[in-house]
Amino acid sequence: MLLAVTQGLGPVFSWFFWITFAAGLGWLLWMSITGREVERRIIFLFMGLTVSGAVLAGIILPVQETTVVRNVFDTIEGLSEGDRVLLSLDYDPSGAPELEPMAKAVSQHCFEKKLKICYMTLWGTGGAMITDVIALAKVDFPDLVYGDDYCNVGYRAGNEAVLRVIASDFRKTFPTDVSGTSLDSLSVMNGILNCADFKYIVAIGSGRPGIKEWVEYVVEPSGALMGSGAAAVSAPQLYPYYPQQMNGMMGGSKGASEYEKMLRRVYPKFKSSRAQATEIMGPQTVAHVFLMLLIVFANISYFLAKKRKGASA
Amino acid sequence: MKRTIPILITFITGGIIVLAEFIPPWAILREHVLIYFQIIAVFAFFLGGGSLLKINCQKVVRKREDWQFAIVTLVGFFIMLALGLFKMGNPEMVDLGFAADLNASGSWFKNVFDAVKAPLSASMYSLLAFFIASASYRAFRAKNSDATVLLVSAFIILLGQTFVGVVSTGWMPEWMSFFKVENLSLWLLAKANLAGQRAILIGIALGIISMSLRVILGIERTHLSGGDE
Amino acid sequence: MNYYTEKITRALLPANATALLVALLLACATLNVSAQESVVEEDAVGSALVAPVGVSSVTASDAPNDAGRAVVVTFVPAPVPQSEDQALTLSYEIHRALSQDGPWKKVGAMPSDTTAIMTFKDAGGRDTTSSDYFPTETDLYYRVRSMTVDTALFAESEIAGPVQGIGQWWNSGRSPVFWFVLFFTILTLVFLNVARKRGDSLYIRPLAGIDAVDEAIGRATEMGKPILYVLGLGTASDIATIASFTILGRVSRKVAEYQTDVIVPCYDPIVFTIAQETVRSGYMDAGRPDAYRDEQVYFVTQAQFAYVAAVNGTILRERPATNIYLGKFFAESLILAETGAIAGSIQIAGTDEIAQLPFFVVACDYTLIGEELYAASAYLGREPLLLGALKAQDYAKAVIVVLAIIGVIMTSMGYEWFAEAFKVVG
Amino acid sequence: MNRKVLIPIASIIVFIGFVLLKLDWDGADRTHELWEALEVTAGGFLTLMIFSFLYKDNAFYKFAEHLYVGISAAYWMCVGFWSNLAQQAIPHLSQSLSEALGQPFLGYIWHYWIPVALGLILLTRLLPESMKIGWISKWTLAFIVASTAGLFITANLQANFIAQIASTMSLPLLPDWTGFGDFLSNFDLSYEGQFVKMFSNWVIIIGVISGLVYFFFSKEHTGWFGRVSRLGIWVLMVTFGAAFGYTVMGRVSLLVGRLTFLFRDWAGVIG
């Protein structure tokens, strides 16, 4: 595994890096055992070095597929040509490393299946994210036609209020698309009166308003079918809604990398496309190992201190 | 009058929205109210921008601490406002005029967003990774039974995401695959976590319903206090 | 097609083209499309296929629980053609008319499927000028056309109707929600009355975090250091913030009694004015309005991380004896709690943002979990109003615990209708 | 010259230097290339400025943060103006204005003046407090609070209360039960096995109930009630542990994303 770091920086440097790093860890362990305080900036430095080292090494690890992600994939796989899908990108640049790969993979999948996508967002910053995702999807599908293959209705302020209105009347909130074209003249939106008219809704979001609000204000009142892509922070609290209120969920970069894997398994043509989430998983694993070490060290230190206290008392 | 009108507004608006859920012909009323809400939401942004302007101008004029940085804020604010309101450098302007997509790729508004706002907000959030490391080292200790349960559960989830965990329990035969770390962590998330989340969710939902009910009935008026009365 | 025509139109016209001209050109574009279709029709004349068998048992009925702008059409698809010269049905078009003789208007299409009874919901809006206008309380007739590859070759079904889209005054699918709203409202009102009569004698279990508040104020007095109260990032309409105001009022009264300081940095301008008023009246209630200074409650900024940096600065400079974080918190929760721990303050936190609770639990001394935050305001204030509401919440919880147990047993015994009764439709 | 002047000037020079390094005039579209170089360089610089906060609060961090605050506020105002005012309100209020903004006129609706009026009322908060008209903004506040409260009631009741009980109820205590003998002979601990399925359902049902018992406020937590509530706390702690572990993943992803940007796009160390 460590040898993988030879890529990019040269073997001498990487060996030097990892040996120094291991020595540092040893020092940290010693500090913990002897019960001395470690300043938090040193911990920060360790964290930075760990992740930097792993990023530079470009470690790629296999991911395991799970049912909760596969449900989203299978639903899209089961739709037929021309079906309409609503893709809501409710995040900002800070959530993009986790969520953009999902949005990209779902878009690629839909366009490959010749489904029509309507993009929208509940976040002011989402407009820029939509532009980015469409640009990414167009790399593989340069012939997409605006209005026939996809459309972008953009952003509306109002959080829950937006959702509650589009659940019963889409055009009331979005009479036109992002550049003032009436939805009646876009074939993507033909016959779409409310959210339930979309065959599938995929909400990709990192906070509030996000997936929870989609369930509360769209799925419940309109009975629409929804899947989601959640930032890792909010994924655990969405489990009560699965599978009754949303039929699948991609959680964090792990979920995104699973989706990327499924997409490449079924459609090998995407193997050449960059799998952004899978790239994240390697360094992430290394960081997890480091954090587990920290927790172990901290508890060793805690128990030794308790023992010493017990002995002196 | 200063007190009754807000309470009347609260009662009527809230009443319409709740009852419209059960009376289909009222749905149109609810939709209008919610569209109003959406339009007012924008004025809240203006209020935010206006407050920022006011405070920073005061800071500069009175030469308070860090007033130089207030100038940075003001310059950033006005540049972005000009780029956005006039859709400067927007390539779609040629075809569509002011109807062009504000975030069209290549527009200056989007470019500044990509160059300044995007890296700043992404970097700020990634600072949290460092703080998580420090919290794990400093606070994550098995002080009592509750803390121990929390610690073990977090540890299994972390372990389940790594090759270390997968390798260490890879030897287990199929009949006890429940104890494989990756399955265990999945189970913790999808079952045990679900139970706790659902309990919290139901509790919070009840609290919110109760408070909202009191707000609409005019029993709870905290939000209407403050300012000059 | 339409899009391109439109693009050209917009390029040709000055930037702010009038809507009328766009509409005109769109109409031309539509004509263009139909012209192309007719070409296909001519091509197909020579084919030897026969029309397929039409669908049968077409019914049309008013859609339930709506405002009368929808009709549900069902039909049984024809079996797969037996002879080779019969054309294959590819899709069904649903047509609607105001009389049996037409004119017919296409209102939708469905891909062919021979397996089941097919259902189509014809719904529309109330806007008479819109293309999806749906006339309510008017006789409507429906028919289904089975379409083949060849647009000229199709089969009509019999006509169903007349049917009217009628608005219902009650959404029966939502009845469970209504009964719960009613039940809960009555419960709340009843317990408000009980609480008013019995005063503050209603029992509320102690909340460790809130008991610690009084202790913390005492400690701050001894140390001669202030108390930091953070209301979080919520707006004035967030329930957690509203609950936090009540607690802030109580804390500031206590603080004024003990003659220490409370610092309240605010994130939202509206929350800021309310907080100011709350603290001021807290000092007033304690009989020390003179001790209140405007600098105690201040507006920082409405940017998450700038706000955190400022509060962090305050924590490290002032080293408050106690930090109280109650309200809505997001990603900043961890940074605040970490910094406070380093400054050696006692920390009491509470939020209903579930994702942030783990950080508070790990890094703070006391944490109010979700609903406990709302309960805390009742526990502290001991106002009959809040106590009554809390009691009502408890009863609602008791009811669902009992219902859940009954439901689980019923499901296990195979009576799934019980759990089904709680499903809300539409 | 003192440090206050020297450092900003030096920083600007270094910044321009980096932009020039990144710049590569080979295509025809020079504006685009300039923007690209600026974007990557500014992104790298600002990221490092923010990271400097980890060492301590400093002038670079403050610069980045203040810039962020200004840009953000203006960003929201522009986005809000073009999306909700220009596309939603104005097309129902004024034909000439909506045409000037490039939006189709959608028909005059008089009562759309109500939200505009309420919005303007909200802005009176910007006026100095001495003018004593802040009270009028409470009308708007009342409207906002009431509409969210109204939405909260039914949405929470339906999605987070009734639906949650219904989901819990639909879990059978004995899934795929075919008899005690079958259960014993097929007994194993595999992840897909019957026992684990049954165990999971029990955990969820007992977990939800005991968690709810913990949230009972008007009964003393002693005796059996106390023991159930104790179990409830443990369930909550498992939940928090899981959430903590998952959040770590999320935060690290963001850091990886940022570092990938620094190494790949900015420094060009990796391909």
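For reference, chains read A, B, C and D in written order, and residue numbers begin at 1 within each chain.
Definition applied: a contact is a pair of C-beta atoms (placed from the backbone, for glycine too) under 8 Å apart; a residue touches a chain by one contact, two chains touch by 3 or more.
Here the structure is a predicted model, which is why all the values come from computation and not from measurement.
Using mean Cα coordinates as chain centres, the one most removed from chain C is A. Per-chain CA centroids place chain B at a distance of 14 Å from chain C. Rounded to whole angstrom, the centroid-to-centroid distance between chain A and chain D, based on C-alpha atoms, equals 13 Å.
A straight line joining the Cα centres of chain A and chain C is 22 Å long. Annotation for chain C: residues 15-16, 177, 181, 184, 236-237, 239, 269, 273, 301-302, 305, 331, 338, 354-355, 357-359, 361-362, 369-371, 375, 390, 393, 397, 400, 424 touch two or more other chains.
Residues of chain A found to touch two or more other chains are 40, 44, 47-48, 51, 94-97, 124-125, 127, 154, 156-158, 161, 164, 169, 173, 179-181, 220-221, 233, 236-237, 240, 254, 284, 287-288, 291. Touching two or more other chains at once are residues 51, 53-54, 65-66, 68-69, 72-73, 75-76, 79-80, 83-84, 88, 100, 102-104, 125, 134, 141, 144-145, 147-149, 151-154, 156-158, 160-161, 163-168, 205, 208, 212, 215, 236-237, 239-244, 246-249, 251-252, 254-255, 257-258 of chain D.
Interchain contacts join each chain to each other chain, per the touch definition above. Interface residues of chain D facing chain A in the complex, by the touch rule stated above, are 51, 54-55, 75-76, 79-80, 83-84, 87-88, 91, 102-104, 106, 147-148, 151, 155-156, 158-160, 163-164, 166-167, 239, 242-243, 246-260, 263, 269-271. The touching residues of chain C, when paired with chain A in their complex, are 1-4, 6, 26, 108, 111, 123-125, 130-132, 330-331, 338, 342, 354-355, 424-426.
Chain C meets chain D in the complex at residues 15-16, 18-19, 22, 129, 176-177, 180-181, 184, 202-205, 236-237, 239, 269-270, 273, 301-303, 305-306, 309, 312-313, 354-355, 357-359, 361-362, 369-372, 375, 378-379, 390-391, 393-394, 397-398, 400-401, 403-405, 407-412, 416, 418-419, 422-424.
Across the interface of their complex, chain A is touched by residues 21, 27, 30-31, 34-35, 37-38, 41-42, 45, 92, 96, 99-105, 110, 113-114, 117-119, 121-122, 124-126, 129-130, 132-134, 136-138, 140-143, 151, 154-155, 158-159, 161-164, 182, 186, 189-190, 193-194, 197-198, 201 of chain B. Taken together, the chain B residues at the contact with chain C in this complex read 18, 21-25, 27-28, 47-48, 51-52, 55, 93-98, 124-125, 127-128, 131-132, 134-135, 138-140, 150, 154, 197, 200-204, 206-215, 219-220, 222-223, 225-227, 229.
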